[in-house]
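Here's the structure, in structure tokens; my notes come after.
The chains carry the letters A, B and C, assigned in the order they are written, with residues numbered from 1 in each.
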């Protein structure tokens, strides 16, 4: 439906909806929908890092998995490298899978405990027939180990014998193996020790510098990490994007009341600054995506809400310079 | 320190050697292996080991208590108990191994397919398994044996089908839980085919509890075969099988307990040995215990 | 303000198959009345064990408090039997604890009300009605809407944040003098985290209690704590007021910790400086400084002499390091 590869955008998501049916009874009839993603549109430029930030239940992981086509979206379009992949069959998807990879949160659950580290990293090479000989395969795996800062002599060990940080490096090496151009990092550091997190962040940054045109969709709940690594940031709340902007503007001039409260909720390791910061403490909790509020779904918790907010779904509109926000009050 | 042991442990030159080392590091496991090997040897060389012909009747020597000539005495028809136990090893082991193989291979395949593909495939296969499960194993085996006719071969098939639901259920549950892991998703995300994901990632991670089930079922099968023989379906007299011997000896339990106890002890020994070996195997094959054991 | 709790030279060791784990190795600290104190460190540095030791909740064996004094209101808690009456009354009424896992800290088969009133009846000798009324009061105090109805709900009917509120209500129920919050918000979302910390700090000041926040998050400490202790490998490596430490961090570990986490207000293009190597394995530790293998400043002496003593920098600021950073 769209012309291929415009404006160097590697991914374009247009009005993506992902509803998970809730079924009951023997015949599995549908009783309701969990609206995990409810009309999300954004794009990622080639070579940039887009941060997708939101709390649990905001649908950020689902967006990532829809792009990977691990889910069949309910509606909307996902254009990857100029091709609409939202309705492709698993068979049609397969060749495209070498160009996008996923990095997981849990460095323990994402590696098969019965495979050696080498065969985990080398698996995409086998799946996509990227090595012509045993020799080439081995060399390539060794190279991947070195790229992510692991000693190739550890290839024959199983994941259990590695530390959390090293396992996450194995996960990164696997994601790079098929020469993917898009890496979807789903909370890649939140399960790691504080002192190890920086190693993985730096690794991801170095890789992007070295392998030009590597694009990240960095999904996380920690705003300070997302701000550190991303060029642009999209903030999600209850299945919708409420604000998209570059990282500088996000911190200096956030517009959406949810973004503001999210920013103020993150403490900064500086007691002098903390004394002066204004704290916006949100009321209540994130509602269930099974029964989202009407209109702007943030209105029950919003300090700025007016009666109109209950009725209208605010569109994501550009306020200038690519700063998009979905709020009628700004 | 932790950091150094990461790099200094020598590479596992041979994974097989490590598994063997773990397996043989525990006394009971070694005992189990020795017993099982001994039983197989006994089964193969039964005619040479047995002191008497197990089928030969000697009506002058019925119900002899254990003595020098008959170490475990003789039964009501004057057959030497020890020789019958030795020959019974053949039947019992064969029934156990073959029936469990049938049950495990068919059951696990069904469970794998049901769990992996989910949805309606799961519904159809598991409803069938539920239907099978609704009948007691013995009853089910009995019906099948009646339909197919008696004899050792059909007993093994009948028991195989009767025991299959347990494997299918367990396998299906295992597959479902393995599917929850991110490495399953990782396989899908990299575009690996179903067969690859199934056999590289799912099956190996489903195995540990199944190994235990297989070894435990070995004993159960031998007992079930005994039940079937007792009901007149199964090993036809004068064939020697442990289960049948326990049942035959049962009439003389008060006067000649050895007639039931000796084959009963043999069954117990086999069940125990298989369980121990299963336990040991599960530990030895678990990569998470590498370095710990 | 008077000192409420003073821990002197506490050592808690675990005897395991492979040797001795010195989870807490000779730490001393104090908490004043109405003070909010932070205890910072990575997982496995002994910060939780040190707090469990105060309440004698260490699983024994393998754990054992081998030395030290824990002086609370003039009494040495270590003189009391771990499961004796004195210790039990301290755990309820003197020092209460809020744990990290709101999912597993509540008994799933009892109603919220039952779990709350149990302590009230036991420690404060209230009758059934009094206890119930107090429980409702506590629940509304921690921000649970419709507390009079929700008191009869079971834990699974509450969200994670709500359960943690219940845990706070339970901790407050017997008017403790100190509340120890062990990673109280780690499993929760940022906005919920902020809500709960705000609630906790507000409540302790209303109850005239002190709060100990055990966490790995330096931001939380900077925002709420007046004083903090930085722990590494079972030892306190730096202590002082928040402003002293954040304004002038002196221990290489504290400096490294501050440099390795992204900050919301950082300049664009800032590079994180990761801490090399891995967190130490507390098993059979050498007597020398455990941070030395990861320390960019280490000198020859660090690998030869035993851990240095805490040395005064200024005010309340102490640091345990041979190197002048």
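Odds and ends about this structure:
Criterion: a contact is a pair of C-beta atoms (placed from the backbone, for glycine too) under 8 Å apart; a residue touches a chain by one contact, two chains touch by 3 or more.
The model shown is predicted, which means the values in this text are computed figures rather than measured ones.
Across the structure, the highest number of inter-chain C-beta contacts is found for A-C.
Nearest to the global CA centroid, when each chain is reduced to the mean of its CA atoms, is chain A. Of all the chains, the one whose CA centre sits at the greatest distance from that of subunit B is C. With centres taken as mean Cα positions, subunit B sits 48 Å from subunit A. Our note on geometry: subunit B versus subunit C, Cα centroid distance of 52 Å, whole angstroms.
With each centre defined as the average position of its C-alpha atoms, the distance from subunit A to subunit C rounds to 33 Å. Within subunit B, the positions touching two or more other chains are listed as 2, 6. Counting partners per residue, subunit A has 163 as the residues that reach two or more other chains. Touching two or more other chains at once are residues 278 of subunit C. Within the complex, the subunit A residues that touch subunit B are 68, 70, 93-98, 100-102, 104-106, 109-115, 123-124, 127-128, 151, 153-154, 156-163, 166, 171, 174, 178. Subunit C contributes residues 42-43, 159, 161-162, 189-195, 198, 216-224, 242-243, 246-247, 256-258, 260-266, 268, 270-275, 278-279 to its touches with subunit A in the complex. Only residues 55-56, 163, 165, 193-199, 201-202, 221-225, 227-229, 247-248, 251, 261-274, 279, 281-282, 285-286 of subunit A touch subunit C when the two sit together in their complex.
By the touch criterion stated above, subunit B contacts subunit A in their complex at residues 2, 6-7, 9, 11-12, 181-183, 185-193, 196, 200-201, 204-205, 287-288, 290-291.
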